[in-house]
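Labels for the chains are A, B, C and D, by order of writing; each one numbers its residues from 1.
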Amino acid sequence: MIKKAIKKIVSLIVILMILSFFVFALLYIAPGDPAEKRLTSQGVAVTKEVLDAERERLGLLKPFLVRYGEWLVRVIRGDFGVSFKDDMPVAPKLWAGLRNTTILAMTSLILSLLISFPLAVLSAIKKNGIADNIIRLFSFIGNSIPNFLISVLLMYFLCIKMKLFPVIASENLQGLFMPVVSLSIPMTGRFIRQMRTEFLIQLKEDYVVGMWGRGVKGRYIVLNILRNSIGHISTVIALQIGTLMGGSVVIETIFRWPGIGKLVMDSITARDYPVIMGFVIVMGTIYVVINQVSDILGHLMDPRTNI
Amino acid sequence: MKQRTLREKKLKKRIIVVSLLALLIILMTTFAGVIAPNDPYTTSASSIRMAPGAQYPFGTDNLGRCVFSRVLYGGRTTIAATFLLVFISFSIGTVIGMLCGYYGGILDQLLMRLADIMLAFPQMVVAIAVAGILNAGMSGAMVALGITMWVSFARLSRSHTFSIKKEAYIQAAFFAGKSDFYIIMVHVFPNLLAPVLTNALTQIGTTMIGLSGLSFLGLGVVPPKAEWGSMISEAKAYIQIAPWAVLFPALATIITIIVFNYLGDVVMDYMEV
Amino acid sequence: MVLLEGKNLNKCFNDKIGYTNALQDVSFTLSKGEVLGIVGESGSGKSTLLRVISGMIPPSSGSLYFKGEEYTGKKPRQTGEFLQVIFQNAKSSFDPRMTMEKAILENGRGKKDKDEILRLLELVGLEERQLSRRAGELSGGQCQRMSIARAFYSNAEILLCDEITSALDVSTQARVVELLQRLKSDGKLSAVFISHDIALVSMICDRIMVMKDGRCVEQGSTDEVIGNPKDEYTRLLIDSVKRQAI
Amino acid sequence: MAECLLDIKKLCTSYDESMVLKEIDLSVYKGEVLCIVGESGSGKSTLIKAICEDKSVRVNEGSVMFKGSHCGHKLLGSSIGLVQQNPEGAFNPLRSFDVQFAETLKSHKREPDKEKLAAIFSTLGLKDTDKLLKMRPYELSGGMNQRMAIAASLLLNPELLLCDEITSALDVSTAIAVVDELLRLRREFGVTIVFVTHNLGIAANIADRVAIMYQGKIVEIGDAKDVLTNPKHEYTKGLLRDVPRLKAM
């Protein structure tokens, strides 16, 4: 078992290293010269000498690998460098943004799970019944509408037409409602569809007939099915968190929610590369860790699956 | 066999209906030039934010452009980009996955590690980073989504190739003295195509959501080019006074995605019957 | 004349579950027109032996000869010229999308001889109209007969049959056994026949090898092995069949 | 004649619109071992499913009575035990046996009967049962799993045990051992057994009476010796001829 855990940690580190290299390389081939960007954004007249001095100061002249090494060491220590826009350290901005995004993301994730889990169980057991068809219809539609569309439509009908909610999200329940609903609807749709498929697979397994043959009560059979599905469902949730990350960028931009998503969008328009890199690394790390944890959970639940 | 063929007939009917719908959408957008009453790009100060009427069936947007024409032309961009992206990722992914599944060895290990790494990143985060930093419009967005999409096709085709390779008829072909190339072309690929193509169909809807999402953020298509995501993003600022400029492209997006997602679903049910 | 010979064949696999000795020092000979039976329970190594003889997997040590010429280590593409394998799962030994005719032609290494195909169909008791069928439209028994026809079409001299009737009904199995017996009596069949059912093997084969845990515990003519088995495991196998005899 | 446990009259069913049972009349008497023999597609498994009121089988006509009252799914476990072909199919492969045995007992509101379980286990030749009960199905061989499945179905001492091709997935020697153990269980617990198989050899070993099924009908039924040595029906004769026999010296 320990051997598997070590193997997992090693693959975790390897993936994160490649993630950081990918991001840094991406920056390297990005159009435009960072030094020039800094000068123009600070309103300094761009002349040859000033440009060279700036490049020297930013250490842009060192070989690529050396710059990557230095940058990586700083990142590991939690220092994501300095923002081009206001020369403030990037790290605190990222953590503040992350805190807000986590509030938003966790609320919508939990809300989606609370809705989709029972519905998926119900529609799997009552396969092809009316309930199943209705649930499948809604989850299908929910899954087919991009979250930015839902938020725009909700904003139109709820905020403008019926004036129920403020357009700008604020940290109280009222302000949070719109972004959370916009994130939850597509996620609930996907959860219901994927969980229902997994339950149906388990329902077809031989052991269900075996237990039925011994007169085992329905609720015990359902419990067994749920227990066997945990491994797969944890993978589904882990993958959904990836989509959730992408979705929160869109929703935070629309509703002005001060999360890490809005931060990265603003920094993209301002070509503020350190913040973009910080965003990708933070989100990438969280996602990679969550996926490895869900793999381990999957293995614990069903030791026959190899990692 | 009565019940099964009954269900099969019902599904077949649905597939035909839905694929006709999909074809209709594709035709309408490809022949946008013919159908569109006005030019999607000419602005006219006099008819800014006009309500839907005779001359402008879907009204006009903030710059007085005909929303109906822009929806048609925008559809062409979104659908063409989606099909191109899915087709490219599908072809690359399927071929590489098939070869790795068939030959195995280091090639296969390499693909598996690459796939683990590629799928380890959240697709949208990568897309935002690539599109944001490269800032290369629609092609940037397509590259951003394509990076992770071809890998999921590769993994699927690899696992199908594994199960085909275990079948006895592949061994029989070896004993018949057939070359690897023959076996792949005649036995592996045809049997692999159906399940992988069905998956590709289901990817169309998701890709459309991804692409229009990126354009909405301004990372895909950049105005003035007509594209549903960016149109909605542009029009949302004055949603109160000209809601039609947002609602019609939104409706077009939802309908198209529902049609293609449903097509994928029905074909998948049909394959499982 | 000895067609096929194997000397001191060994095969060990070391995979996840550790080091398994699937074949330990197994030797055999097969003469023209003779059917050699290989009997053993699951895990006895009889399938591994077939896969080694056919070239699907190389032996860890030992050697294989065809008409005196060594072919150890050769792959199915080369061994397919003189031997053909008939698989247990008849349906999946044909590409589901391919008609029977194309499947048989594929095995002819370029030979296109419709008359010979028709003659072979008649030999195995099938009709021409079944040529245009696909595997999904035929029964297990018919598919197995078709794969025997396909094997003969490649004019290979040896058939390696891997539990070819265990997936079939008793009555279908009986018809396939009758076919093999007829082919043997016409001198058209030199084959290795693998099965877990010693009674079935005794009806078809001239000589029998009994396998247990990768070792050949007994080898001899059918009458010797059935009449007075020397090895204690062979006796157990024969007794358990006798107990079930009707 | 002993008391009649199971009485099937004029049973006609259809199953997923393919296999149809045509007017099956069958009675099973207390304490006997009735063997139902037939090839695939003969309807023998459909008959078992009809007895257990399996939803996939539609009963068009006829009745299945168990000791005078309607026989159905609710009797499963308590009065009728069911063991299936796939050894790994009796239990949830991921949970230990003791938890699943307890679940079966709780479903019937029965307290675990330690001695009874020990007696069943020893008859089935299962040693150190406590260690076994702690293990999970995927850790055991096919033969062991099948024995645990038999033990589980006998847990609530049913009067009738339905065995649907339980030896087909096992090696010949394991199959023979399981058959001997079933006969010992019958002797010690007086349980009546309906044993479904396609293997005439196994039937000859276990059956008091044999019923031959062909295309949804019972074509012949009688004492094992009579049916298997001088069959009356053409199909049975053909079947007996086709069984591979050890070559006469």
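Everything below uses one rule, namely that contacts are C-beta pairs under 8 Å (C-beta built on N, C-alpha and C of every residue); 3 or more make two chains touch, one makes a residue touch a chain.
Here the structure is a predicted model, which is why all the values come from computation and not from measurement.
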Between chain A and chain C, which partner chains are common?
-> B, D
C-D compared against B-C, more contacting pairs | C-D
Averaging C-alpha coordinates per chain, one finds the centres of chain C and chain D separated by a number of Å equal to 34
Using the average of all C-alpha atoms in each chain as its centre, how far is it in Å between chain B and chain C?
-> 50
In whole angstrom, the CA-centroid distance of chain A from chain B equals 22
Chain B and chain D: spacing of chain centres that average the CA atoms, whole Å = 53
Listed in rising order, chain A residues that touch 2 or more other chains are none
Chain C touches at least 2 other chains through residues none
Please set out, as single numbers or ranges, the residues of chain B touching at least two other chains.
-> none
Flag every residue of chain A that touches chain D in the complex, lowest number first.
-> 205-207, 209-217, 220, 224, 227-228, 301-304
Report the residues of chain D in contact with chain A in the complex, numbered from low to high.
-> 52, 73-78, 81-84, 86, 88-95, 100, 103-104, 106-108, 138, 149, 152-153, 155
In the complex with chain D, residue positions of chain C that touch it | 41-42, 169-171, 173-174, 177, 196-200, 202-203, 222-223, 226-227, 236-238, 240-246
Could you please specify the touching residues of chain C with respect to chain B in the complex?
-> 54, 56, 75-81, 83-85, 87, 89, 92-98, 103, 106-107, 109, 147, 150, 154
Interface with chain A, chain B side, in the complex: residues 116-117, 120-130, 132-135, 205, 209, 212-213, 216-219, 229, 232-233, 236, 239-240, 243, 246-247, 250, 253-254, 257-258, 261-262, 265
